[in-house]
Amino acid sequence: MVQDIPSTVELRLPSKLGFEKVAMQTAAGVARLMGFPDERVDDLKTAVAEACINAIEHGNRFDERLSIGIVLSMEDGELEVKILDSGSGPHKKVHAPDIDRKMHGDEEARGMGMFLMQALVDEAEWTQTPLGGGCVRLMIRLDKEEE
Amino acid sequence: MTMQPQLITRVHVDQAKAGDGSPIGVLRFSGDITSTSRDVLFGGYAEVPATTRKLVFDFSKVEYLNSSGIALVIELLMAANKADRKVQSFGLSPHFQKVFIMVGLNKYTHLQADEATACAAFVD
Amino acid sequence: MVQDIPSTVELRLPSKLGFEKVAMQTAAGVARLMGFPDERVDDLKTAVAEACINAIEHGNRFDERLSIGIVLSMEDGELEVKILDSGSGPHKKVHAPDIDRKMHGDEEARGMGMFLMQALVDEAEWTQTPLGGGCVRLMIRLDKEEE
Amino acid sequence: MTMQPQLITRVHVDQAKAGDGSPIGVLRFSGDITSTSRDVLFGGYAEVPATTRKLVFDFSKVEYLNSSGIALVIELLMAANKADRKVQSFGLSPHFQKVFIMVGLNKYTHLQADEATACAAFVD
């Protein structure tokens, strides 16, 4: 039965800052099609943007010959978004920002991307692709009432 | 020629008055606030007269704000903090109010409902 | 010089009606990033939606094992969008709707997609891919003032 | 279970009065108007009492309209035309006003600026 093929959307973007906005729009389009409410769509957009920025900046180091991949898989009210780059993924753990330390210059002002991803979606996980590239896996779920 | 994505940051500086008649510098941000916005943001900040102790950040026309942009907002708040200036903010979408609270920024700038509330919120 | 690589965005969608909305969002994101005004973005969105619907319906005949491809190429203030399917493209020419004939039942109510594509963008062309698939090529240009 | 894209069409039928006191059936479309909208659109049309000769189509809440959806609008106008009913429309975005004019639809339904203008536009 063809009914069992999971629906997948794939997007490929140049390693240039600004293109994360295209990924935000694409992810929002998919999430809306699945019936996610605006609030969750906003959460996903910011998480996807941060993941793409990291893939462009840290993973592909702005190398314009490389592209980043975004794979969106829809199944059973769950939307999984994988963001793929040609690096080897972060070596740091997710770290919650300490605003007081930042304000006093004891911690860099930056460094909130991974924290925000994890805080905004239902699951965020950093892995590697079988070929050794960097991969972030984000997941949001429809609440029962929304379905 | 290859395509350069358009990320455009604007700051417009206005003056308002607090209840006690003292001046308020209103920084109206618009467009994108990202890693490339530093010069524009600090340029706007520098336009406020040095004697002005009260600032309002207007985010209502911001279309796109990412974590590098939020880091620049933190740097603006650091500069204001050092100069003993108070900052009220308004115009953030519910989503970005949540994000500001997640990173703890509401400890250094109150998130107000609108411009009038923001301008009325300074206690001297 | 890496500066000379043209910027390309690629999208792959399932052959299901509704997913053309994702293509609209992606295309809108790219066009906005290039600085196209809202009016042109709307034109492109509708043209891209019609091309995707035809690719899903006529090209891939709703076969969910097949996907449709959208390739967006940005260069010099020109945005080219190719919509690719696994069919062999239309055998009909673009035909302007005759509203009086439609209203009197002498012409099908449907059949306006190709006409709208051609009317809304600067260039619309139906070709085949090297491998024999269906391909529509749409193009919009930034006006000098917009650049 | 594989994902089925959500395309949702709604029609809400209201009654208004023309200047001469005669009834107007107002069809308020919302959501998506696509190839899957036929039953909902004609269901809404059927709710208008058969004696009502004046119709207003309200497109202001339509989020997505494609050429198959426009074909259904043409079929509604054909039905209205056959029953000697006049149709005024409003609420189309500038983009879709342009599209309606491109396909010639403005010959069979006037595109009005708003609801009041649409309701006032019937001449008997």
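Of note:
Which chain is which? They are A, B, C and D, in the order written, and residues in each are numbered from 1.
The rule we apply is simple: contacts are C-beta pairs under 8 Å (C-beta built on N, C-alpha and C of every residue); 3 or more make two chains touch, one makes a residue touch a chain.
In this text, all values refer to a predicted model and were calculated from it rather than measured experimentally.
In terms of C-beta pairs in contact, the better-connected of the chain pairs C-D and B-C is C-D.
In terms of their C-alpha centroids, the spacing between chain A and chain C amounts to 27 Å. Distance from the chain B centre to the chain C centre is 40 Å, each centre being the mean of its Cα atoms.
As a whole-number value, the distance joining the C-alpha centres of chain B and chain D reads 45 Å.
Multi-chain contact residues, meaning those touching two or more other chains, occur in chain C at positions 3, 5, 7, 16, 18-19, 21, 32-33, 64.
The set of chain D residues touching two or more other chains comprises 2, 5-6. Chain pairs that touch, as defined above: A-B, A-C, A-D, B-C, C-D. Within the complex formed with chain A, the residues of chain C that make contact are 2-3, 5, 7-14, 16, 18-19, 21-22, 24-26, 28-30, 32-33, 63-65, 67. Contacts from chain B toward chain C in the complex involve residues 1-3, 5-6. Residues of chain C touching chain D in their complex: 16-21, 39, 42-43, 46, 49-50, 53, 64, 97-100, 102-103, 105, 108-113, 115-116, 119-120. Every residue of chain B that touches chain A in the complex is listed here, in rising order: 2, 4-7, 34-36, 64, 66-68, 70-72, 74-75, 77-78, 81, 93-95, 99, 102-105, 107-108. Contact residues on chain A toward chain D in their complex (touch as defined above): 3-7, 32-35, 74-76.
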